[in-house]
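First chain A sits with chain B, and in the next complex the same chain sits with chain C.
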Partner chain A sequence: MNPDPKENRAWFTKKLFRGWRLAVVPHVPATILCIFILVALFAPQLSPYSPTEAHFLDKLMPPAWVEGGSSEYILGTDFMGRDVLSRLIHGSRVSMTVGMLVIVVAGSLGTVIGVISGYFGGWIDILLMRFTDITLSIPAILMAIILVALFGASYFNIILVIVLLLWPRYARQIRGDVLNVKEQEFVALADVAGCSHIRIMWQHILPNVLPTILVLATLQVGWVIILESSLSFLGVGIPPPQPAWGVMVAEARGLVSSAWWIALFPGLAILFNVLSLNILGDWLRDRLDPKLRSI
Partner chain B sequence: MQRYIADRILQAILCILVMSALVFFLVRLTGDPVEYLISDQATQADYDRIYKAYGFDRPFYVQYVLFLKNMVTGDLGDSLYLHRPVASILRTRFPATLQLAVAAILISLVVGLPLGVYAAVGRGTGLDVSARFLAVLGQSMPPFWLGLMLILVFSVWFRLLPSGGKGGIANLILPAITLSSWLLAGITRLTRSSMLDVLGTEYVKLARIKGASEPKVIWKHAFKNALLPVVTFSAVMSVILVAGAVITETVFAWPGLGQLVIQSVIRRDFPVTQAVVLLMAVLYIIANLLVDIAYAFLNPKIRYSR
Partner chain C sequence: MTVNNEMLINVKDLRTYLYTRRGVVKAVDGVSFYLRKGETLGIVGESGCGKSITALSLLRLVPEPAGRIVGGQILFKGRDLLQMSHKEMRRIRGAELSMILQDPLTSLNPAYSIGNQIGEAIRLHQKNVTKKTLVEKIIEALKMVRIPAAESRLGDYPHQMSGGMRQRVTGAIALSCQPSLLIADEPTTSLDVTIQAQYLRLLKDLQRETGVSLIFITHDFGIVAAMCDRVQVMYAGKIVESAKTRDIFDRPRHPYARALMGCLPKIEKRLESLTTIEGQPPQLIDLPGGCSFAPRCPEAEQVCFEKYPEEAKVNEEHRVNCWHG
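On to the complex of A and B.
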């Protein structure tokens, strides 16, 4: 590590791309993830129908390859005659936006609190970490249910609630990292050179905890997507008729014996999405910082 | 060390106090319960009477202090909806959740521990690759969907097992598997990495050199020492499992605490909601405390401090 922030960044890039060969990147999950992102971006162009448009004459049509299915609805229709494929495509938008927004907001908040807590130490540290511990001790799903009942179920509130539950995980981990970085010589040197606290934190400490932030972010997008879909499934998440994957599975609950396709496809979408994120996250962690293996 | 433990206990008590205040006030902000209790024909006078009868007319902090006092004496109040003492509702619901959680934990340990051990021993083999894949898969699977798919396959297609409700062992199998998926993945993963660390140490090499049989090296020398992080992880996760049973119980219509909490939030049944959430939080805080104390005993750095 080096006192010059530019070289710090170079060190980070070198570590990430060290011996970079295409063969090393987990191809399959990376490709799957790219497909999901593209589908989310171009949802209106890709989906054959509107996700909320009901075709009551074509209720509960099975997928095209099953007997009784029609090529008009490749993955079949649900109990209101809505096209499952179109809902699936639009659902990726919901999951991706919730996942990314939550990670950006909770990650930034947790990082700021973790860096401040670790850097200053003393009573600020004690106060912030006690607060973090209390927040961490709340059973996430139960608190989410209460908070959503309190604020009402909406897009914005789901994001808010998951942010409230997620930031302490960042704060804890980042604080630990900052404690290590703080002891290194270049921080003392920067202090002697007359850098302000803010400059030291921003230019010297933050680049060194960046790998942790990145690994946590990748691994936790999956957790966020599962939590969001679980809440939607329980009826305290994204309100219907919005095509969230969790909502789709919830709507299919009573129909699982007659219309299995309505439940199967959204679940598979969640599974592939989260699986790719987790495999990529594991890979990134091993690559950047093997000592993070415990997360 | 006494000081460390005293500090941790104090912190746990503080945690519980803050949690109780948080839950108390949040739950009260979710809506007016009286509107759920009275009919459309009720007059304002009826409303006021009920409002007063439950003590909702008093200031929040007075209600809170009363609530704390009652908590300590074990009086959790009456359910606003079921008109029964909350404590007695918990007594009927908690065993169901506990049964489910214990079954899930057993499955996770019985499958996860050997799988993790043999994955580490045969690092890089087919077994290792499949164990690792299974672990990532388990942590990526949405539990509500796994439950539904199990119902589809085993209840609808093969008609082997019931799709829900409580009853004999047959009713327990699918929900327990659903609930265990996440913990099983975690235990497998952690056992594997912990075993890999231990297998690389000098004393395991020494045991091999001195000619101990392979099963003896694996189970007596390595496994015993690799177990510590797994045990602490399982302890904390088991409590989280009880809280996470909400989803599994909803999918399988399992009459436990999880279903109760969802219903009580929807019915604005304060006493029940706050009792369940607090119970879970307190369990979780105590589990964490016990783990920290156990660590203090095992870690010489803390044991000999002060």
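On to the complex of A and C.
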């Protein structure tokens, strides 16, 4: 080994830093996300009360460690006396399924349209991109209100509405990336080798735009949760007794100064969820980049 | 090298037009040539003279929708490629016709290991390859292009290799299915000179080993002299002179070919500056009726501006399109 201890240390720090960058960081967000997922899966077992059950005598109780709080309601109760912890636990189910489902569906749809549009070009591109533009140009909230008014507010419809709002963002971004990738010579050579269009798109172009898709997906989760809460705020979101994080924050808006705990905990849940996903997405992108893989 | 007289490809009056917003570009305008088995043909000309489009037309990969092959015949082993269905064509590409492009940096997909990419080419055209024989074939292909320690490089990604190596890997992919025609579109332009010489020698060796015919697209007469059996000079979408390499170096007949030769620095003459051809190559939209080189030609006469010259025979292999030829 290197006899100079100083240089040795530098080498070690460098190694540590690299390891830290690509391996250790995701442990924290990955754990947080795992906890969220477990909580969502075992919500009925974990929550002390029913999320919709109102205890009118115990309404607006502060968290247990604050003066006036009781150990019966660890995170306090809201204005109807519903247990904040129970609602938070059940809310993770709603928020996380909405978030993930929307990202997966809208991401796939947007990617398919973006790849086709960018790869074929010509009138297909013009047609698909104008359609995308039209969808993008409609104000998101307005469109959501109209669609919900037409089809009614339900779990499924909310997901559908947000998917409709989200896919054009993917389509645009992916199309741009595809335009860049398809000009590279390996695509022409794949053509020369006798690959079909589908094979070229799937095997040769998609892996090269995957990093973009991933980063976009992780960044959008936050947007989805926020949009879902805005919809709830306007009364066209997840129907009321159902707890969702966004709904909880929205409901607590008038009480922030007096009963801060109702808004704080779901807010923190959103924060940690989104942040963990962003960091994980970043890490995943680095991992998928062959240039960084060998580090 | 064994050049037998068996005809591999015979192109007759090929016309490929590009329909752009400013008008129709006659990128390939009535080109005819042939290639025998095991032979090397050089196509020489300035940028934008239609060399690459000619090559792409042979593979029927002219960029659509702007480009279209509007006429002619491409007889490959006796069958007209232009009459084939897309499916048949796809089977022929890669298996029978193959290509190497200019830029080794973007010729490989950065997302896959090189073993994976060579394997893909083999799997596309040879069904029922077991995993073990596939790996053997990939290693064989890498050894063929002289990649050292081929076994240990299968998992390497393109960015871990140098430009020369990447170009050799592209060569391995192109030759992995033993094609009968390899089109090399300026394959050495972006390599440095020593690597260039190495690569050309490798191509020559591979040709001897596999008997593949080569079409070499270049603007470098040095490469032509080293590589090609026959040369054809292209100007503004037309072949203006075609001959055996020796003939064109000894007795170039077309003023354009002569001018191109004149641009080469000669070792016996001390030059203050390099000779150039005056003027610009013509816009391929709205070409004048006569010889397209006439405006730049030092020997142009009235007739040159009025009528395109017929092909004149100098000898069996040497043809020229010039009123003075």
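Operating definition for what follows: the second predicted complex is superposed on the first by the 226 of 295 C-alpha atoms of A that agree within 3 Å, B and C clash if a C-alpha of one lies under 4 Å from a C-alpha of the other, contacts with A are read in each partner's own complex, and residues count from 1 in each chain.
Operating definition for what follows: a contact is a pair of C-beta atoms (placed from the backbone, for glycine too) under 8 Å apart; a residue touches a chain by one contact, two chains touch by 3 or more.
Computed from a prediction, not measured in an experiment: that's the story for all the values here.
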{"item": "Greater chain A contact set [chain C / chain B]", "value": "B"}
{"item": "Chain B versus chain C as contact partner of A:D133, first or second or both or neither", "value": "first"}
{"item": "First, second, both or neither for A:L271, with chain B first and chain C second", "value": "first"}
{"item": "Touched partner set for A:L57, first chain B, second chain C, both or neither", "value": "neither"}
{"item": "Contacts of A:G194 with chain B and chain C, given as first, second, both or neither", "value": "second"}
{"item": "Contact residues common to both interfaces of chain A (with chain B and with chain C)", "value": "293"}
{"item": "Chain A - residues contacting chain B, complex", "value": "130, 133-134, 137-143, 145-147, 149-150, 222, 226, 229-230, 233-234, 236, 246, 249-250, 252-253, 256-257, 260, 263-264, 266-267, 270-271, 274-275, 277-279, 282, 293"}
{"item": "Interface residues, chain B side, partner chain A - complex", "value": "11, 14-15, 18-19, 22-23, 26-27, 29-31, 136-137, 139-146, 148-149, 151-152, 156, 193, 240, 243-244, 246-247, 250-251, 261-262, 265-266, 273, 276-277, 280-281, 284-285, 288"}
{"item": "Sites on chain C touched by chain A in the complex", "value": "59, 61, 64-65, 90-95, 97-99, 101-103, 106-113, 120-121, 124-125, 157, 159-160, 170, 173-174"}
{"item": "Touching residues (chain side chain A, partner chain C) in the complex", "value": "122, 184-186, 188-196, 203-204, 207-208, 210, 290-291, 293-294"}
